Every structure is written in C-alpha cells, then in structure tokens.
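These are the structures in question, set out in turn.
Shared between the two complexes below is chain A, which pairs with chain B and chain C, respectively.
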Partner chain A sequence: MGGLRDYTIRRILISIPTLFGISILTFTIIHLAPGGPLRFSLALRGNIPVEYLLEIEHRLGLDKPIWMQYLIWLKNILTGNLGTSFIKEVPVIDLVSLYTWNTIKLMLTAQILSLIMAIPLGIISAVKQDSIVDNVSRFVSLFGVSLPTFWTGLMLIFIVAVKLDLLPVFGAHTIGAVYSSPIEAFLDQLSHMILPVVVLAFSSAALITRLVRSSMLEVLRQDYIVTARAKGLKENIVIFKHALRNALLPVITVVGMSVGFLLAGATVTETVFAWPGLGRFVVMSTFNRDYPAIMAITMIVALMVVLSNLITDLVYGFLDPRIRYE
Partner chain B sequence: MKRKAISIALALITTLTVFTFMATPLVNAQEEKYFFEAHILCIQGFETHRMMAEMVQHECEKIGIKITVDMVDFSIFMDRMHVGGDTGELSDENGYDMWLCQFGDSSELDPDNAGCLFHSKNAYPAGWNCEHWFNGQFDKLMDEAAVLTDIETRKPYYKQAFEILADELPSATICYLKDPWVMRSNVMGFDAVLGCYGLGAYTWSLEGQEGGTVKYAQPGSLPCLVPAFAGAGTTNRAVGHTVWEALMDYDNQYNPVGELAESWTVSDDGLTWTFKLYHDVKWHDGEPLTAQDVVCTYDGVMDVETLASTHADFVDLVESYRAVDDYTFELTLTKPSAAAWAKIFIQEILPKHIIGDLPHSEWKSHALNTKLAIGTGPFKMVEWKPQESVELVVNEDYYRGQAPLDRVFFVNIPDAATALSALEKGEVDVLDTYYSLGKEVPHIEANPDLKYVLRINPGAVHLMFQLSNPRLNNKWVRKAISSCIPRQQIVDDVLASLGDVCTSYIHPLTWAYSSDVNIPTYNIEQAKTYMEMAGYDYEWLEPPPTTPMSAYIMPAVGGLVAGLIVGALAMSFLKKQA
Partner chain C sequence: MTELREVNLQRGTSYMTKAWRRFRRNPTVIFGMIIVLVICITAALASIFSPYNPKEMHYGEVYAPPSSKYRLGTDELGRDILSRIIYGARASLLVGLVAVSILTGIGVVVGSISGYAGGWLDNILMRITDMVMTIPSLFLLIVMVSIFRVRGLHIIMITIGLISWPQMARVVRSEFLSIKERSYIEAAKSIGSSSLSIIFKEILPNAIAPITVMATLRLANAIILEASLSFLGLGDPTAITWGSMLSRGHLVLRRAWWVATFPGIAIFFATLGFNLLGDGLRDALDVRM
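Presenting the complex of A and B:
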C-alpha cells in the first residue's frame, strides 16, 4: 500500500503546477476580456468626475500593473484570502461557500442518481441485447444525450409543476415558509431538488447508460468470459464479477471527467430553476467582470476537477488489481 | 456500367460546384449598389432591438446605405461605447458607428436630464455624450434653463433646445416601450408608473383579505442593499423607498412630493431649500430620525471615498447644508436648479447612529449595505438571501400609517418562462417589467387568474450616431437614416402594439414636450432627397452594366476542366478497385 500513498502524494504535488497554470491563464484571460469592472459599475451612472474614477481604480487595485495584481492575488490566496468582490464589497469566500455548497448538493445527488439509473440499465441492455428493455433504454438515452437541459427543465416545470401540480417550480425552498420541524424543512428542500436533479441526472445518465452498454458488450465477447461460462460459473457471477468490473473502467473515466461537464450543465439548470448556486453566480460575475469572484470560482472548480480525477485514478486500482501505482 | 455512372455523376457535380463558386462574385457585383457601409451595435439578448435594427438595415438598403447589425454582450457594448467616446474609433476598430438601445435619461423627472446624452459637459469620461456631438447653442439653452425654477419660463428654452436636436439629429429616437407588469388577479393597488418605486409597494393589497403576502419576482439579483452603492435597478425596486426613504420622492405624474419632509420652502433666489421633517419618524431599530441623519448622509455622499453614485451631482449642486434644529434641514445650492429635487433630495437617508462614526471608505462594506438594511420606510427588512429573496415585513409604527400588506418578498428568478410558470401556479404574485412579457399578453388575457398593468417606459429607444464617422458627420445623412426608420411598423410588428412611436427627445406626458418639434419620420422618397442634399447622387447608384455573357465563359471552362479531371480520376480509381 506504500505505492498507493506515494502515488497519491505525487499526484497532489503534480496538481500544484496545474492549478498554478490555470490561475495564470484565467487571470490573463479575464484581464484581456473587453470591458473592465470599472466600465461596468459606471455603466448605470451619469456624470462621473475623474477623481471618482481614480478612487475606484485605486480601491480595486486596478491602478497597478497586471503582473503586480497577479502577485497580490497569489499572496492573498496562499494566506487563505480569496479577496473582496468588486461588485458586492464583501469577502468572496462568504458568497462562494454558500453557492458552492448548493451546487455540490445538486451535482452529487444528480451524479449518484444517474449512476443508480445508468449502470443497471446499461448492464441489462448489454446482456439482453436487442430486447425491449435494450431498445427502450437506447431510445430514451438518445433523447437524454441530445435534448438541451434548459428545454427538458422547462418541459418538466410545465408538466410536473404547473399542470400536474406535484412539485414546486423554482428555488431551493418555499419562499416565506415557516417550518414546524426540521423534517418538514428537509422535505421542502427535497421537493425543490427533485426537478433540477432529474434534469441533470437524465442527461448524464443517458451518456453513462450507452457507455456501460457498449463497454459490457465488448467485454462479454472476450475469451475469459467464454472460459468462465465454460467452467460452469453461474451467469450472475460471470456478469457481475468477471464482466462488470472490467466494463466499468472506461465508465469511471467518464464519470470522473463529467464533474466539469456537470458544473457547466448546472449553470443552465440553476438558471432555469432559479437555484442559488455557483453556476448562476459565475455567469453574473463574468458579466460584471468581478475579477476576484471569477478567480475564486475558477480555482474551486479546477480543484474539484483535479480531485475527481485523482479519485478516478485511485478507483481504477480497486477495479483492476493489475494497475500498480508506482 | 455502374463505374461510368458514378464517374459521370462526380464530374457533373464538380462542374456545377466550380461554376457556381466562380460565377457568384459576378452576380453579386450586380447587386452591390451602395454609397457606404455602417454598423449598428446592439446588446445581445435584446431580440426586439435586433429586429428593429434589421428593419432599419432593410430600409437603408433602399437609399444606398449598407448596414450591418452587430450583437455583442452588454459589457462589450459598454466598452465599445466608451472607446468610441474616448478616441472616436469606429466599428472597424474598437468603437461604434451607431448603437441602438433603449436609454432612460430620467428626463421625465426634469427635462434638464435630457442633456445627459447631448450636453458637452457630459463628454467622455464624465458622462454619456460619447457621440462627439457638441453644440454651443444647445449647451447655452440647457444651462440657462437649468437655473430657472418656473415651469412656464423654462418651457421656451427646452423647446428651442429640442428644436436644435431635431434639426441636428445626433440621435434618431424610435419608440417608447410599454412593458407589462403581470400579476395575479387578486393583487390590488398596483400603480403602473410607480411600480414598486416610490410609495408603490405601500399601496399594494390583496383583494378580500386583511394583510397577506405578496411575492414579487425580478430577473436580476441584488448586488447590495443601498441604492447609492448598487447602480442597479434591482436594488432600487426591492428596497428603495420600501425600506429606505429620502427627503423627497415623486408621484405617478412625476411631480415632486415630500417623503421624510412634511413640507419644504425655497428661497426667492432659488438657492436655499428648507425642509421640515416629520416628527415621529423612527428607524426600524427604534431610534428616532433627526436632521442629523440627513447631514451625516450628505457628508458621506459629498466625500469621494464613499463611492456613492450620486456623488457627482452633489459636488456640482450642493454649496452647504446644516441642521437648523432636530427637525429642520437647510441646504444651499451652488446655483438655482429646478432639477435639484430629482438629483439631490431623492438620495436615501442612512442612519447616523449606525454608521456615523465610521470612516466613509467603510460605508460600502458595512452590514447596512451587505446584510441588513435599516431604514425608515413602510416595510422593515427581515432577511436577504443572495440570489434567492429579500424578505420585508410591514412597519407597524410607520408615521403615515401601516401599509395594507403584512409581508413582501422580492424573489430572484432569472428565467422568464420559469417566472411565468411560477406566477400561473401562484408561487409568486407579481412579475417585473424586466421580463418583457409583451408577447405573452394574449395568453395572460385568456387566463382569469392573471392580469397586467402596462408601464410606459419614459426612456426612448435611440439610434445613436457616432459623429467621428465622417459619413455620419452630416446632418442630411442622419436625417435620411431617420427617414428610413419604419417607426409605426416597428411598434405594430416588433412590439405587438405595446409601445408608442417616438419622434421627440422627451416624453409626451411631461411638461417640456411640444408637439411641433419633430424629427424626420418614415418616408423613403424624402430620405433620398436628404441623401441628395448630403451630396450623394443616385445616378452613381444605377446598376452597373449587365455582365456580358462572355464573362461567364471562364467559370464555365473552369468547371468543365475540373469536372473532366475528377471524372477521369474517379474512373481510373474505380477500375483499380475492380
């Protein structure tokens, strides 16, 4: 197990230059983007004396050369200070921590739900190839992959929330609700989560189902499966112990990578369902050119992607003991 | 046989493709008949603006001006506008030739504000005049009218000033928009002009119900809680005049009325304003409001370090002020100004007992702005959940009497379709005009649970010209373009009749409007005359001589040769395969 520990430490060390590179890249790009924060915050105002402009510039630290601004940002972030939002003048950490938690809640639930739906469906589709289950799941997953999330979201709102009146339309909880018990509060939250989670899980599950299916089909044709069956092993053992473990390797890769995609998809889903999450916040911050907020979110997302990739690589080892971490 | 067929088919396709490619420029050259090209800049996401720009584009083609419509995101729009104002760069660099956008200049409050796009003192970087149009006569008239206080004396000045604009045409106004406030049928007392500004929310009630809760949805989230720091309408709509209050406010005719001021007097020279404050006003934390609060707030706004958006107007207009006693406030202006109330006295008052001891540079990051607003208005703020909602509860001790509602929520729903679904279901009660639900009006009328109130937006949609463009720096060309704007058709088709044609620089409902000052309206023949007056001769625009048939020989030969080569290659390749 020493190999694993060394490997993990090495991977974490390697991710430091990656994050460093991402930070330089993002910092440069957002400063190159036309329309600075100054222009935006002044956009809605009338006459502006020059000393007012200079005062804002100075307050935001925009009067320094860009490399100096980067070094100041770097120094701050190394001491755990994510900076102050240009637009709101509150520490970015306050805003981001709230929104990140909301988004993670949505994403994790969606990811788990999509795995619960996709893996069994994929297996059945592969084992019972060309059966009704297979055809239906292929048909439905085709929809899942190709329908844009905002459309599925709006349709679900229209049918489930408005016409059938089963679930709430928007938000993370009922506005102005007074709860008599924590259970009631939890149930209220849960009911608000269902639609966005289903929308997110649907598109991601569609992809994973197709992947599990094709990967299973590939594995089921291998010689060792024939051997296993010839030895007289039960079909269940052949499928779950011999085939599934091997078939899941490419699936894990995609699931690990999909953290980034889910975050991107969450932006649309959060907008449609008015969910107070990171996705909406990053869009708003980008439009406002709120540099510290954009940097903070980029770093958080980068960190999440790096971490999920690390976890993916570690999971490989459990699925396939032949993989050695050296 | 099959081989031959495939090869011939390939040869034919190649011949046709090559011929088309080579002949297209010849055909196009016959259609290109224009004097010059120009770009119209629009903000991404404003579909109605894009449609208007495309109609102008279509009409301008008829008089020989080729227009390209550029859709860019808001921040780039602002950037291009400022670069244009700064350096005079045009669309082919980082500026603009023309922009088309709805622009609210608050001229409905006082016509002096109408100068913000045109007065030379508002040139970049100080203000909105980015188009490099300067006119000494206009400036003089505006400056002279600004220091007068009597409406009747001011009228002729503005008439003359707007005549200059209508003749010089630094911008062509297009239309006014009417956006619906869509709401549940049981919401009563909703004023179309005030909306939730001013004492708007104070009069809302629910039919057949004592108290109750109204949930108001708007697409944008609040950046912060003090309007002077926000620079965004979302904050103003949620807490401006519901929680915060100012000395003065306006009614639904845009006339000044007192808010915290029970009465006020203006000295004969128009310089000194004396306000009598209501005696029994309490901050939401129980402290009494006095003239000291007003002094403290004005001190803050006067200091550039506070970064209040009203700073510039204060520095320009305020000479001195003092608290005469606890309930009397006196302010002296640098010059007489009838517009002072709309610039100075609608500044919301902040509580001295909370932020009075802090340095001004810390006001913006204080909890009052970032967590909980404590004002004097008809509603108290309970909680702000960023990106979700602002919760207000009725102020039972309000000095004008308690408002009918118990609770108001300002909810943030970014997507218009989601917001409409939430309204239909009753999860929210009112939708903001920013959702631009004009197209949904028939759908709303068909639903007995819903109704709407139309808000006439007093800011007109402008087509603004950049005069550093030498082509547009000719008033006859600008008049020609203005004559190419099919305003009535725009109102009928693009706005589905939810708007009014606009041919002036100030809203017809205001006192400074005079019906005989008009800009050139839609008339293509007239537009051509204007172009001729600008020196463009339509004989130049006669279609070029028809391309002789001989010109098509080269493309034909090219096509044939290419076809033969491809056919031969295909033939030999297929043979080898066989």
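Presenting the complex of A and C:
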C-alpha cells in the first residue's frame, strides 16, 4: 500500500501550485480592469467625489502595491475571509456557501442520473455494435452533445411547464410557500429540481454514452477478451467481469474531469431556470461588477475542479496499480 | 534523405487516398459536411437568401407568427426571424473561424515547444495549460468579458481563442512526444537539421491529422460559447447572433415561441455539423484522441 500513499501525497502536492497559479492569474486579471476594481464598480452608482473614493480605496487597502494586496487577500482567504460583497454588502462567504451548495445538489443529482442512463446504454451499444439500439443511441447522444443546454431548457419549459403545466420552472422553491413539514419542503424543492437536472443530465449522459461505447469497443478487441471467449466463458462473464472493468477506467477519468463541463453547463441552466446557484451568481456578480464575489466564485470553481481531478486520479491510482509506480 | 522523403511521400498519398475512401463511405460524415457547406454558403450569400433586411422593423407586425409572409415569424421589433438567422450564420461562422485560428496558433506553439523540448520548459508550459483548463471556459469568458468591459463581437471571438487553446496544446504535445521517437527524426538529427527545421518540416506535417480533428471539434465549441455568452446577455448587443436572438425570445416564450425556437435549431445544426465532421475526420484519418 506504500505506493498508493506516496502517490496520494505526490498528487496532493501537485495540485497546490495549480490553485496558487489560478489565484494569481485571476487576481491580476481583476486588477487590470481600467481604474481598478473599486472605481469600476462604483462608477455604476453615479458621481462620487474623488476624496471619498481615495478614502475608501485607502480603507480597503487598494492603494497598496498589487503584490501586497495579493498577499493580504491570500492571508484573508486562508483564514476563511473571502471579503465583503460590493453590492450586497454582506460577507461573500455567506452568499457563496449557499449558492455552492445549491449548485452541488443540482450537479450531483444530474451526474448520478446521467451515469445510470449512460453506462448501460454505452455497453449495449458496444456489445450490439451497428444494431438498431446502437444506431439509435449513437444518434441520440450525438444530438445530446450538439444541443445547446439553454435551448433544451427553454423547450422543456415551454412544453412541460407552459403547455402541460406539470412542473414549476423558476427558482429552488415556491415563492411564499409555508411548509407544514420538512418532507413537504423537500418535495417542493425536488419538483423544482426536475427540469434543470434533466437538462444537465441529458447533455452529460450524451457525452458519457459515447465514451463508454468507444472505450468498450476498444477493450472488446483485446487479446484477453478473445482468450476469455476461447476458453468458453459465458458471454455475460466476459462482458461484465473482463471487459467492463477495463472499459470503465477511462470513463472514471472523464466523469471526474466533467465537473468543469457540468459547472459551465450549470451557468446557463441555472440562468434559464432561475436556480439560485453559483452559475447564476457569477452572471449576476458580473453584471454588478462585484469583484470580491467574482474572485471568490472563481476560486471556489477552481477548487471544485482541482478537487474532483484529484479524487479522480486517486480513484484511478487505486483501481489501476500501474499508475502509482510511474 | 531523398529516399526517406520519397518513402514518406508515397506512404502519405496512399494514406490520404485511404482516408478519403473511409471518409466518403461514412453517411454521417457526408451529412455533417452538407450541413457545414450549407452554413458556409448561407453566410456568404446572406444578402441573396434573406427575404428581408435583417434590421428592418415592421412595427405593425410585432411578434407575427410564422406565415407565408414571414416564414419563421417576427420578433419584438417586427424584424424577420428567417433573415436574422441567415445573417446570424455569418457571425457564428466568423466567431468559430477566428477563435479556432487563434487557439490553433497558440496550441501548436505551446504544444510543439513542450513536446519537443521536454524538461523544465515542458513542465512549466503544462502547468500553465492545466491552470487555464481548470477554470471552465464559459466562466473564464464571462469574467474576462465583464472585466474588460468588452462587448464587441471581434473582441469576444479573440477572447474565446485566447482561453480555449489548452486542449489543442495537449494534443500537439502528445503527437510530438510520439513522433520525435521515430527513426526519420533520428535520421534528420544525424544529418544536422536544426530544431526549427525538424519541428516545421518533419514533425508538424505528420501531426496535421489530429490538429485538424481538434480544430473542427473546437469550432463547434466556440460557436456554443459565443451563443451561451449572448444568451446570458453578455454578448455584442449590436451584432445579429443566434445567441442574442434566443436570449430575447427566452422572455416571451409564452407569447411567441418562435422567437427562441428557430435560432436554437440553427445553433444546434451548426454544432451538429461540425461535430459530425470532426468525428468523421477522426475516424477517416485514424486519429486517436
């Protein structure tokens, strides 16, 4: 097991510089904004006397050299202080934690749903190559990767919510609702989640189905599968025990790496369904030029992606011993 | 050396012939190619195909449903949606082409240096590539566009190119890593060819296939990125783009479903076309990525 432990430590150490790099990159970009972040966002509120501006800049430390500002920001972020939202004037961390949790709920459900759909479909497609099932699933998954998520979302709203009046389409819960029990609140949120989750899951499932299929096809051509068949093993055993285990390795990578893809999909999906998540929050913060918020969201997103890549690599290293010893 | 070149050349011809044969036999690729051709022709001859001026407003006929007069209906200013979709093809294609040229340029340079030089340079370049790849491109695009207060279509397409090169760099790098071990590179080195000449004359021509496939797939991605940005209301307000049409239609879905539906179909077909073409090229050129 020593190999695995060393590998884990090495892998964690590699992701730290990446996060640092991203924070420096984002910090620089934000401070490159004409007039600096503060003047830029205050410009939206009409004329403000210069003396007053200078005073606020001094109070917020914006008159210090940029590297010092970065170090101060870094010190704050390491102690859990993400700054105060320029617009809402509350600690960014309060906003971000709520929105992050909402986004995670949406993404996790969508990812699980997409795996439930994609893995069996991909397997059937590969095992019964060029059959009707294969052709239909290839066609549908190609549709899925090409359909823009915001458009699928709109069409679903139009058909399911407007025409059939089956499900709610906006927000995370019914506005002004009073719940008699936690179960009722949960069911209300669940009904709000269905449409955005379906949209996200569909596009992600399309991607994963294509991957499972091609990965499975490649494994089925390997010598050890031929051997397994030649020694008279049952087809089910060959497929599930010999082929699937190996075919799922690249799938794990893609599922882990697709967190970024899902987050980007969530940005538009959340806007379409007015879901109070990170994606919608970044769009709102962008409109309001709320820099502490934008900086915080970027770091949270980067952290989520880096963490999921890390977990993916660790799972991979655990499943495939060859990786650890490289 | 001449002998080697000749062998290379011969192998090259038969490889291309085989590829073309595989390409032709695949019906989905042909379908993809037809879509891409239709979009290109539509964009080039937009003024001939569109029944109305895309900016002309018909105040008496705001939100007119699809009819024989306005095939796909009109929007909130009474502008003909069909004409706007036809002109929108120009914007989408332009965004795709400019963004892909930029990302291919950066990706090829970074990937070549990284793959050829190896060592610490490779390490640094790949860490930067990882960093840019870590933040989802739509996120990065939103942040960049908002900070630099840019709304012009030309700036947006350049920005898309500037942030979506990492995948290309990775593909080029892995090609370089495998090609530089081959014997004809060894041969070129032994007769004293310079690094630049090896990169440009020996390695890059042999990496064209994966670069082409990646470029085609990235083109579809660039079109979706611009459409998403416009949909979020951060696109170029003056340009006629499918994303911004959809964004406006989004709010009036109940009243006028056609405003959002048709631009969405256009985005879908454009993406599908380039995806099919990219997939087909990958199979025909036998590229693994």
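Before moving on, here are some points about what is shown:
Keep in mind that, in the parts below, the second predicted complex is superposed on the first by the 297 of 326 C-alpha atoms of A that agree within 3 Å, B and C clash if a C-alpha of one lies under 4 Å from a C-alpha of the other, contacts with A are read in each partner's own complex, and residues count from 1 in each chain.
The criterion applied here is as follows: contacts are C-beta pairs under 8 Å (C-beta built on N, C-alpha and C of every residue); 3 or more make two chains touch, one makes a residue touch a chain.
Quantities reported herein were computed from a predicted structural model and do not represent experimental measurements.
In the superposition on chain A, A:Leu98 makes contact with chain B only, not with chain C.
Contact with both chain B and chain C is seen for A:Phe158 once the two complexes are overlaid on the shared chain. In the superposed model, A:Ala243 makes contact with neither chain B nor chain C. Once the two complexes are laid over each other on the shared chain, residue contacts for A:Ile22 go to chain C alone; chain B is not touched. Of the two partner chains placed by superposition, A:Met216 touches none, neither chain B nor chain C.
Once the two complexes are laid over each other on the shared chain, residue contacts for A:Leu53 go to chain B alone; chain C is not touched.
In the superposition on chain A, A:Lys88 contacts chain B only, with no contact to chain C. In the superposition on chain A, A:Leu147 makes contact with chain C only, not with chain B.
Shared-chain residue A:Val272: touches chain B and chain C both.
A count of residues in chain A touched by chain B and by chain C gives the higher number to B. Common to the chain B and chain C interfaces on chain A are residues 33-34, 150, 154, 157-158, 162, 271-272, 287, 289.
The part of chain B that touches chain A in the complex is made up of residues 73-76, 78-80, 82, 94, 116, 121-122, 125-128, 213, 215, 221, 223-224, 229, 231-233, 304-305, 307, 309, 311-313, 315-316, 361, 364-365, 369-370, 385-389, 391, 407, 409, 411-415, 417-419, 421-422, 424-425, 427-428.
Across the complex, chain C is touched by residues 17-18, 21-22, 25-26, 29-30, 32-34, 142-143, 145-148, 150-151, 154-155, 157-158, 162, 260-261, 263-264, 267-268, 271-272, 282-283, 286-287, 289, 294, 297-298, 301-302, 305-306, 309 of chain A. By the touch criterion stated above, chain C contacts chain A in their complex at residues 28, 127-128, 130-131, 133-139, 142-149, 220, 224, 227-228, 231-234, 246, 249-250, 253-254, 257, 260-261, 264, 267-268, 271-272, 275-276, 279. Those residues of chain A that touch chain B in the complex are listed here as 33-36, 39-53, 55-56, 59, 84, 87-90, 95, 98-99, 150, 154, 157-158, 161-162, 165, 168-172, 174-176, 271-274, 276-277, 280-281, 284, 287-289.
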